[in-house]
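The structures come next, written out as structure tokens.
What follows is a pair of complexes built around subunit A, which joins subunit B in one and subunit C in the other.
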Partner chain A sequence: MIKKVMCLLVLSTLILTSCGYNKSAENTPVEKQEFHMGTIITEKVYGAQAQIAADEAMKRIKQIEDLMTINVPGSEIGRLNEEAGKNEVKLSEESIYVIETSKKFAELSDGSFDVTVGPLVKTWGIFTEHPRVPSKEEIKSLLSLVGYKDLSIDSKKLTAKLARPRQIADLGGIAKGYAGDAAIEVYKDYGINSAFINLGGNVVVLGGKPDGSPWKIGVQNPRAENGKYVGILSVKDKAVVSSGDYERYFEKDGVRYHHIIDPKTGYPSNSDLIGTTIVADKSIEADALSTATFILGLDKGMKLIESLDGVDAVFISKDKKVYVTKGLKDVFAFNDESGEYQYVEKR
Partner chain B sequence: MRKITALLAAGVLVVGLLTGCSGGQYKDGTYEGKSSADDRGAIGQVKITIENGKIAKADYQGIQKDGTPKDQNYGKAAGEESYKKAQVSVEASAKYGPKLVETQDVEKVDVISGATKSNTQFKEAVKDALAKAKK
Partner chain C sequence: MLKKGDIILVGIIVLGILMGFGWNRFNASNDTGNIAVIKQNDRVIKRINLDTINKPEKVEILGDYKEVVLVEKGRIRFEDADCPDKVCVKTGWLSNKGDIAVCLPNKAMIKIEGESERLDGVAY
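Up next, the complex of A and B:
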């Protein structure tokens, strides 16, 4: 009996202290939201230096945007495009790293992810106020400008060149991924060990939550409003990046045109997938692979992911099935509030 | 015997955690909360009723920039296509409140991958209201 009373006492003390502890200053996160890289960026950072870490990470992202944007003249990648077919362009180490990585994933995906799709993205204008459906002839002619092999890189001299005039490298499908990794490095520099950053749906987490438990990341339901998910990933120190036909699109004559252009057809990708989510150590990889697998489709996409170490995926198909790779068996909890999806245990 | 004590202890711990940490942290009463404005200047407003330390009722309402609520007329002026979309979101947001009463927790997930527009106004409004209800 005494034992039991003791037990109760100890427990209630534990509970009281643990509740109180949650309210201490150390556990109050800094939350910050800004608009960069064409999207809303949200940070949640815990730790003594959380404020400065969050501020500096935003600055770092702005810096990367300035280097890699092609919407503002004079950026590094802007110059690379201006000099297409003419000269080699001197670039920063980080721009070289990002285009080298983009080439690596172009090769791995057999050209389904290809940053030289730029002329088509520009002509469709999906990211502008005035998107349009180009003519078949236009698309055919622009397709001849696509080809990652025309992008040569000298990583010793830190130069790059596009082989032919009018070619355009567009890092829109990978720069946000790189920026996420860079933000995590900034957090680490300030001794942070619990934080996340969300770049318009690209999520990267550092460590777990302050209580040591993993971060819980919902996977967006591609056919429901923003914020509705089909399942929850519990992760620490990971990047979780999604691509889908629902993110940006326009409608014309009853047809929906989304923003992910297939570099091989010149039209919005029309695979059997409506949403892909990649879980990886680096968000630059997750970013490139979410686009690549979205275009490749279920079978080829699954093969690609399973050929890579430390990379996993959640694929959502047109017929509303949710597939996950082996590595996510205990990480992903299927939790579909809409009741419209069917969970297919690992293939 | 030892096993039973341990089991009891575990039981007490679970009950303790549930009542101690999530149920009892709010004062009874009615509290209002507001979100920040979105890119169109619209905000979310919530009215939460706490009974016995728990969320007993939550009413959520989106408010447009000009102060009119997002109701069955929301989006009507913008054409049929836009009206349909607007009404889907009105219907969906009507479910936020009851869902909160059911789960008692606005933070089931920390963040959502692939949600480009990070629709967090409901969460913001709830957090604002609950901050006022904290003991």
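Up next, the complex of A and C:
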């Protein structure tokens, strides 16, 4: 009798302490922050192999950056641009995939998302230290170089070509999206079930939190400090990507110029939206669509999102109204600390 | 049936279990103080326990640009920077676990360690 009691007690002690130990190990994420792709990347990874998974995901992102950047000479996309109007360029499978996807969304958005906007992005210099407002003539002349149809792809031979000299493909609006998906694949390879990654505002989550609850992702208030939000999305296994006029901008003669150039006008997009947030299964799609809808504006953007399966959106308009698509009604909790926004549940 | 020694032993084991529980719980909710970390180029420049700051302190970050971090009791911020966009300064005060402010051009960041209870992150 006594022995039994003792055995039970000893056993239960072992079980309880080991449970406690396991629990705290699994509930403490590996957190990592590094600067890549011109932004800051934050990871939060849970599980036995969290450390190596987080390290390898960062390496993967760096790899993708090296393939697709146009800020450093010698990258694949850099060569594609150098050979514009001349030769087909052999590319990696992933660059081909990203270019193909970018073309798909260019078609879907009727050219509002277009990676061949490169010459204009370059002349505005928005991502450099010396942004400037180009002359009307300059913009007009560069606009003639924009056109996703000039970007031809041979997915069998793994080659691509820009039709005319001086054309520039700039994957800045989609490469981070692809990198987010790639990071999630790395986590999966290491048996991770629960992870969060934020690539300069592009959030992608694997599974839910370790306790099974959804991740809580804030939607940035476009007119407040970084980190202030207008509402919270509760998601599992999703990408949440925003675009807005507040992300990067410069001021000249009292006018604010933001970084999202409308491929049709050559000027920073001037639709009725100041912020868009896309919720989708893949972050490459969410990335392209957040830019596309930001440029398209509320009505056309809403129509585009509603025409796609498994994609939802939060739109914030200039008159400070917050719109969500039907699929987000139970996912998005309007929570505006500033009190300046109005929630429009259904249009 | 039970000897005195057995009862004491059982008592000790029970106490041990309870203490184990207590310890785990204590560890889980280790809420003693917000620790701020100042990093640049993925290296830690300084760690500061914000709750033990009595007089405001300034920390300079050098590099491509110069930045001044201001530390007060319970909070921290980029006070000044000569970088072009000053996003770091515009981020304002950080005072909650998980808060973060970043200067991309200077690859510098300040962060309060731990996880926010309200939010896992913000899409921007």
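Convention: the second predicted complex is superposed on the first by the 324 of 347 C-alpha atoms of A that agree within 3 Å, B and C clash if a C-alpha of one lies under 4 Å from a C-alpha of the other, contacts with A are read in each partner's own complex, and residues count from 1 in each chain.
We adopt the following convention: a residue touches a chain if its C-beta (ideal position, glycine included) is under 8 Å from a C-beta of that chain, and two chains touch if they have at least 3 such contacts.
These numbers come from a predicted model, not from an experiment.
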- May I ask you to decide whether A:247 touches subunit B, subunit C, both, or neither, giving the answer as first, second, both or neither? both
- Task: Using the touch definition from the top, say if A:34 reaches subunit B (first), subunit C (second), both or neither.
- Result: second
- Task: Considering only touches as defined above, state whether A:226 meets subunit B (first), subunit C (second), both or neither.
- Result: both
- Task: Applying the touch criterion given at the start, work out whether A:129 contacts subunit B, subunit C, both or neither, answering first, second, both or neither.
- Result: second
- Message: Let me test your reading of the model: by the given contact rule, A:149 touches which partner, first (subunit B), second (subunit C), both or neither?
- Response: neither
- Query: Given the touch rule stated above, what does A:218 touch, subunit B (first), subunit C (second), both, or neither?
  - Reply: both
- Task: Could you tell me if A:196 is touching subunit B, subunit C, both of them or neither one (first, second, both, neither)?
- Result: both
- Task: Indicate the residue numbers of subunit A shared between its subunit B interface and its subunit C interface, in ascending order.
- Result: 12, 16, 39-40, 42, 44, 196, 198, 201-203, 209, 215-220, 225-227, 229, 232-233, 240-242, 244, 247-248, 277
- Message: List the residues on subunit A that touch subunit B in their complex, please.
- Response: 3-4, 7-8, 11-12, 14-16, 18-19, 22, 39-40, 42, 44, 196, 198, 200-203, 209, 215-220, 222, 224-229, 232-233, 240-244, 247-248, 251, 275, 277
- Would you pull the subunit C residues touching subunit A in the complex into a rising list? 1-2, 6, 9-10, 13-14, 16-17, 20-21, 23-24, 27-28, 39, 41-42, 84-85, 87, 90-92, 99-102, 104-105, 107, 109, 111, 115, 118-124
- Touching residues on subunit B, where the partner in the complex is subunit A: 5, 8-9, 12-13, 16-17, 20-21, 25, 81, 88-89, 92, 108-120
- Query: Which bits of subunit A are touching subunit C when the two form their complex?
  - Reply: 1-2, 5-6, 9-10, 12-13, 16-17, 20, 23-24, 27, 29, 33-35, 38-40, 42, 44, 129, 196, 198, 201-203, 205, 209, 215-220, 225-227, 229, 232-233, 240-242, 244, 246-248, 250, 277
